Every structure is written in C-alpha cells, then in structure tokens.
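Step one of this worksheet: look at the structure below.
Chain IDs A, B and C follow the sequence of writing; residue 1 opens each chain.
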Amino acid sequence: MSGTYLGMPAFPKAAQDAVRNETLRGNLRHATHTIRDKRAKAVAELADWDRLRTAGKDIKDRTLRHLDRYLLQLEEAVTAAGGTVHWAADAEEANRIVTYLVKAAGGSDSEQREVVKVKSMATQEIGLNVALEAEGIAAYETDLAELIVQLGEDRPSHILVPAIHRNRGEIRDIFEEKMGSWGRPAPAGLTDNPAELAEAARVHLREKFLRAKVGVSGANFMVAETGTLVVVESEGNGRMCLTLPETLISVVGIEKVVPTWQDLEVFLQTLPRSSTAERMNPYTSMWTGTTDGDGPQTFHLVLLDNGRTDTLADEVGRQALRCIRCSACLNVCPVYERAGGHAYGSVYPGPIGAILSPQLRGTGSEVDASLPYASSLCGACYDVCPVAIDIPEVLVHLRERVVEGGEVTRNGERVTIKPAKGHAVERAAMRAARWALDHPGALRAGQRLASRTRRIHPKRLPGPGRAWSDTRTLPEMPAESFRDWWQRTRGGAQ
Amino acid sequence: MRVALFVTCVNDTLYPHTGQAVVRLLERLGVEVGFPQAQSCCGQPQFNTGYRHETEPLVRRFDTAFQEYEYVVTPSGSCAAMVRDNYPRIGARAAAEGRGQALAEAAARSVPKTYELTEFLVDVLGVTDVGAYFPHSVTYHPTCHGLRMLGLRDRPRRLLEQVKGLELRELPGAEECCGFGGTFAVKNPAVSAAMGADKVRDIVGTGAEAVCTVDNSCLMHIGGTLAKLGCTVRPVHIAEILAATEEEPYA
Amino acid sequence: MSSSSGSKSSGSRERVLARVRRALADVPRDERPQDVRVERGYLRVHGDRTTEQTVELLAENLADYRALVHRVDAAGLPRLLKRLLAAHGSQSVLVPPGLPPRWLAAADPALVPDREADTAYELDTVDSVVTGCAVAIAETGTLVLDGGPDQGRRRITLVPDHHICVVRVPDQVVGSVPEALERLDPGRPQTWISGPSATSDIELNRVEGVHGPRMLEVILVDDRAEGQAPSMR
C-alpha cells in the first residue's frame, strides 16, 4: 500500500494520543452516534434485511471462489463495450499506468496536466495523488470530505466521510485559509453553516469540473456479465468526474466484481442504508464502456491486485474481500469512536481496516502487527456488516499470525513468517498458563499462595500491569477459592 | 438431570461468591449440582490473544471433565460463548491441519450441553421467577458475548424483573461494550479506560445502587473503574442477585 | 483485448490471474460458480400495494429527500411546466432531442437543444432542464435516467441547477430496486437520482445542494389520461 503511512506508531500509542484529544473525541462521538441511530432505522424499514445480508454474502463468496473466471468475463465485456482494461499487480504499477494514461490524454499540451477525482478508496490506497504530483500532474479531490482533507493537508480518517474528525468550525477555517491557494477562494464572510460550506465547495470546484479533460474514479461494483461499472455517491461530484471529461480512468480492486446485473439488486439496497442510512443515495452512475456522444469517449479500467490475491489465499481472512466499503462497522465501533481513524495508520480504518490492512500489507510493520488487537471483540461490527464479514473471527485469526507466525502469501509467493516482535514474554506466559490450567493441582496451589499473601498485594501493579491499575482498582483476592470452598463444604463429592 | 457447574477460572480464583450463589440458586430450584475438580479454564484468554494451539488442551480437558454430565452451566456469557462458538472452530482448524477429528469431536460433545446460567434457567428449567429477593435499584449491562454471540436477548431481564424488591433502571447505551475485552484491557489501556469511563458515567447516571451483568470479567473492569473514580455503585453478578432471598439476603 | 500501456505491465494480466488461481487452491477444480449457493430468499418488493399506493409512495419518498413533487393530468402538463419554469425565473431550458414538443409548447424560456458540440461551460449558462425518465422506484424515491430520447446526454441533467423530471404514472413506476433492474438495459448509461444533490460529509448530517442540481422537481403525469386525451397541438 501507499508509503504515506509508513513509520506510523503502533495502534495503542496513536490511540492514546487520540483519546486525550477532547475535540476529536467530541467530533467522533457526535458523528458516529448520529449515523448509528439513523442506520438502525433505515435497516429496520426492510423486513428482509437478514435475507439481503445473506444473499450479499453468498454473491461475494461465489465471486471470490471463481474470481479468475469473473475477471476474464469482465475484461471481455468492458473491451467489447469500447473500454480498455489494464492489470496492475501492485500500487506502483497502477500508479505508473494511470500516470502514463493521463499524460497520453493530455497530448502535447502540458497545461492540461490535471485530473479531477471522485472519491476512491483504491486510489487512496495506492497513493495515486502523490505519484501524479511527482510527475507534475495535479489531482483535485472533489468529494467534499476529500476536499477538506486535501486542503487541510490532512489524512482521511473514515471510509465514507474522510473528514469525520473535523467539525464544522474547523472546516470553515480550512476553507477560508486554503481554498485561495488551490483555486477560487472561499466567499467572504463564510460561516460554519453546513449548507454554506457545501455551497463554498460547489463554487470552488465548479471551474475545475468544467475544464477537466481527465477524470479518475474507483467503482463500487463491476458487473462481469455486462461490463458495467457502478459508482454510488451523494454530491454529484462523481457524475461530474464520470461524464464531463473526455477521458475516464477507473482504478478498481479486483474484488469489486459481481457476477450479474441482477446481483446489483442486493447491494443497491444494502449499501446506501448501511453507509449513509438512506433508502437510496442521491446519485448512482452506471456505465458500460463508452457511449457515442455521451460522456467520456475514452475509458480505461485498471484492475488492481495490491495484496488482494494474498488476502484471497487465506481461507479465513478471505472474507474481508467481501467488503463493500459501507463503513457501518466504523460507525458502530466503540474503539474507532475513541481512537479515531488516524490511529489505524491506513486508508482503511476501523474494524474492517484492522483486518484488511494487515492482510493487504502484511503484519511486518509495528502498526500492522498491532491492528488485530485494536478491538475488544465486542462483535458490534459483525452485527451491522451487510455482507456478514465475521470481523472478530478474522481478528483472532490474525492475532495468531502475529504471535505464532507461519505460512502466508506475500506478493503471490508462499512464505513463512516469524512471530512479530514484542510477544516473547506473553508467549512464555501463555505456555506457562497452559501448563498450569491443564494441571488443576498446580492451579490450586497458586490460588492458595495468592490467597495467603493477599494482605500484602500492592494496590498498583508494576511494569505492564500498570496498564490495568492506572485506571482500575484491582479485585481483592478472596480468602478461599471456589474450588477450596467446594472441597471444604462438600468434601470429595463431585 | 446431571448438571455440572463450570465455575470458570476467573470466578474460581477471584469471585468464589458467584460460584457459591449458582450452587445455592440451582439447589433451591431442586437441581443437583456437581463440580468436577478436573475443570479449569475454557481457554478464551489464550484463544482470543492468538494462542489457538495453547487452547487445544483446554478443549480436551473441558470435554473430559464434563463427560459424565448432561448439562454444563456456567455463570459467564463469555465463557459459554467460547465453548459454543470457538470450540467447533478450533476443532475444525485442527482437522484442516491434518491432525485428526478428535478435537472436533470433543467440541461437538461440549457445545450442545453448555449453557450460560440465565439460558439454563429460562430455557431448560423454564423459570423466570426464581423466588429471589433483592431490595435495591439495579441497572443491567448486557455484556457483548452474551448479547451477540450467545443471543441471550431478554432472558436476564426477564429474570431480574421477577426479583422481589428489585427496581430495574434502564441503562442508556446499554449495548455498547464496556471496554474490557480480555487482554484488550491491557494491550489498549487508553481506549479500554475511555470506554470504561463512558460506561461508568452511564451507569452512575441511572442512579442505581448496583450494576449487574452475566460476566464477572466485565464486572471486574466496570467495578475497578467505578472504584477508581470513587463511585459507590456496587458491581454484582446476576447469580448473586438471583440467589438472594428474604431468608438468606445478599451479603 | 488487454492493453499494455505503461512499461512492464504486459505480464501483469497473467501474473494477477496466476496469483488468483494459486490463492484458490482450496476450491475443488470441478466446482462451478453455480455450485456456490446464493440464497435469494429476499423480497422482490416490500409490502402489498395497489398501483395507486405505489405511486403515492413514490411521491412521499421523493418529497422525503427534498424533491418538489407535482401531480397533473396529461392535459395540464404544458401549463404546469410553464408555471414551474417561470417560478424559477428561468431564461433558458435544455431540451433533450426526443422530449415530446407538446410538453414545452407553452413555456416562455428559450429552448436550448441538447447538442454534442456544446461545452460544459455552455451548459453551465442554462437555467433549467426538462426530461422524462426510464423508470421510477417507489420504495426508494428514485428516478432512473438511461439516456433515452426524452432524457438526453447524462451531463444535461447535471450541470444546470434546476431539473424538472416528468414521470409517466403508473407505467414508469415500479415498486422496488429489483423490479427496476429488470426493466433496465445495462448497455445504456444510467443515472439514478434520489433527491437533489446532497452531502453527509459535515458531521454526518445530510445537507442538500452540492454539485448536481440543487433543485429537483418531479412531475407525476397520469399517462392513462395522456393516451386518451386529444392532442393539444
């Protein structure tokens, strides 16, 4: 994935800083609770929600188990409809392809070296904007939240609402300070009224849309049988990017394919209700290759692997590829709500990020090795997931990979990885515990020793134990364990 | 009916009163309770931290320890969920790794007979009024594994509603995790503490004298946070409320 | 055909496909996609409604997402369009090539035909656009445009700030998303519209009016009457 986040501290450290930021916690709490309640209402409107969820899971599983076949079918359909399909094994290759295509579209006119972008997780994941900038191509983000992030030289912290960590006052300040240096300045006297802020974005971006020659997008779905791409959005910036430019380049993860046109009937019901809690999002664009006289006359589809096939190779972890990026799991997650999106060190934050990033990128970095532990395993994410990804199951599975190492697929090759650093003491303790717990006699001796010495137990624990006792008192050791009480009162009777 | 108590390692070591309450309650309801000494821990702390292989002997031990019994009752939603949800997974993985079916078979024997206490009372014994007396205001926090993995739904509430003298206070945001999460509490102490503080604020806000759950591990975190913040709300396991009577009141 | 633009990407098609196949080593070789069961037990449509109730639900849901909904019989359509365009203060209105001429026969603004050569800048100077639609979905309050002759190119319903969409009821109205997809041709470019443009990007609260038309008016015209009514021309 992108180098943007390299060198991120492990999750617990980054989360600790976030927890101490009162403004951030207030912003996140307000936003996540707002959407949480709305989503519950939107979902409750459909009596067959559980059945739609099952169907969504089934369709994605069918696709993933036969992904090669569907990708080839998609390629054929897109090509037949006038599009050109490219394949990118990793981020670097995808960036190279897009850069080449943008330059080719601009012809000899170096003034045209700019693109308008509709929000896309895939292009964020590969760090496309940075790559384009290095080649002298300006990439303008046009989604309101992405614009806020781009102008604020910030990082996205949410899949659906990348600027969720910003409140309206902060957004106003960013617009006032930064819009001028990117194009049309913010209107004088801009207030923090959300409608006014939206209007400011409309005016600022209008000139960019109207002159754009190249649009860059992702896609929510690609239909194998027809070659149709689908982009689901709200603001109309997607429609601008998808229909006004002469050239459209869509960078899409290979797992976004669905087999049939009919399959959309499931996801077009579950996605809007899960993400923005709407019956339907304001705009959905669907296009199949190119259409004479309507929209871009040149269409390129870049199919992106970048760790997806490595994820596919893991029979337990594979289910993460069902994800339709709705972000319901983020909105309901108590850990995300406190830690914020940045702590996850990836464009994919929250529960889905905690299982996706360590699979797409591997568990080699400090932050990636810590992500599977960024959860209390409360299971709220699994409950709301519209494609039934058992996130707690995958988290535990990845924890095993972190502490035990073992065989994994990296860049398409089977390799054996070592356990991550920093777990040696824990591993020794777990082995000791296994022995003691498998020898109840030893366990009882330990309990008795602890009970006899309970008067001299410290109120605060030293070393790693402080992580508990700094914010919570320790339970007092009882005078007698249950086991001993039973033995004493019931004798040897079972 | 041959019923065994699976007390759990946390209750055995730290909260023996909860185990004693289960025995008193079940015996009062005419159930003969056994306590096989071979039992130890369900293995959840190991499994959830990534040590699946360290958990395997405990899956076998559970099966052996309780093989004489028709029912295994445990005062922990979390440990019951470990057996019911994760034991089959552990067995299936071992089989997939070419290590035979023994573990999967052990899991298959354990799953159908393992019940969390309130499930056992409501589903097996078919009672909601257990003749309990607890003259205090109580708020109930549904712990995550009981709520989502076991699907306990309103069973604990139905039992609490029948307790004489008990006034049940609604807990806002009840279904939000308290922030314990086993080793999460020490691996991510800042977030865990923040979740705990928010939960405690909601608990204190109800004005209840006691907060009750079906899990002492979560209650240890909630109670520890309450005490650290100087709050007087008392953490009480549901078994101790249900075991209390006018003759033998809660101590 | 697969292109190999950029430098060494020519081998990536085979590389990615080979990785996919290796990753799926656990899938039995003789398994076919249809062997993976898809449980389609969900509803085709939610609830039991009469045709009139379905139209009513469409109107309700459109209004719920801040579209302005009008109902009229076929004979009254030209007068209503004249009135709505005047109320908006429109000086010019974009007209798709196949829009029934009768619809705008009474309208005052200058009629601007949808031409391929027009630039986005030119479209930006037009005040309103009037179109028909392909399908409307009651349960979600959605209008689907598919570039049909009375709808025109996708951009004409995007750049002008005021869109009036005429829906022939009940013929063009379906109950649900599954019913809509059945009627649509995937080969045609589609725009599904549910209310005016909006965003939830500020504190996750919905605010109407960003890049697409900020005003969406929907006219539900009874086409049973239109078929029977004498021509107004």
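Here is the rule we use: a contact is a pair of C-beta atoms (placed from the backbone, for glycine too) under 8 Å apart; a residue touches a chain by one contact, two chains touch by 3 or more.
Everything quoted here is computed from the prediction, not taken from an experiment.
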Could you tell me which shape the graph of touching chains takes: line, ring, star, complete or other?
-> line
Relative to subunit B, largest Cα-centroid distance belongs to chain C
Gap in Å, rounded to a whole number, between the CA centres of subunit B and subunit A | 33
Subunit A to subunit C: how many Å between their CA centres?
-> 29
Centroid distance [mean C-alpha coordinates] between subunit C and subunit B, Å | 53
Which bits of subunit C are touching subunit A when the two form their complex?
-> 1-9, 12-13, 15-27, 31-33, 36-43, 46, 61, 65, 116, 119-121, 124, 137, 139-142, 147, 153-155, 158-159, 177-178, 181-182, 186-213
Subunit B contact footprint on subunit A (complex, rising order) = 11-12, 15-16, 19-20, 25, 334-335, 338-339, 372-380, 382-383, 393, 396, 398-404, 426-427, 430-431, 433-434, 437-438, 440, 443, 447, 450, 464-465, 467-468, 470-475, 477-478, 480-483, 485-487, 490, 494
Under the touch definition given earlier, write down the residues of subunit B that touch subunit A in their complex.
-> 7, 9, 11-17, 19-20, 34-41, 43, 45-55, 57-58, 61, 68, 89, 144-145, 148-149, 175-177, 179-197, 220-221, 223-225, 227-228
Subunit C partner contacts - residues on subunit A that touch it in the complex | 27, 30-32, 34-35, 45-48, 51-52, 54-55, 58-59, 61-62, 65-72, 75, 79, 81, 84-89, 93, 96-97, 99-101, 104, 142-145, 148, 160-161, 163-164, 167-168, 171, 194-195, 197-199, 201-202, 205-206, 209-211, 223, 226, 228, 234-237, 239-240, 243-244, 254, 259, 261-262, 264-266, 268-269, 272, 276, 278-288, 291, 293-295, 300, 303, 305, 309-310, 312-313, 315, 409, 412
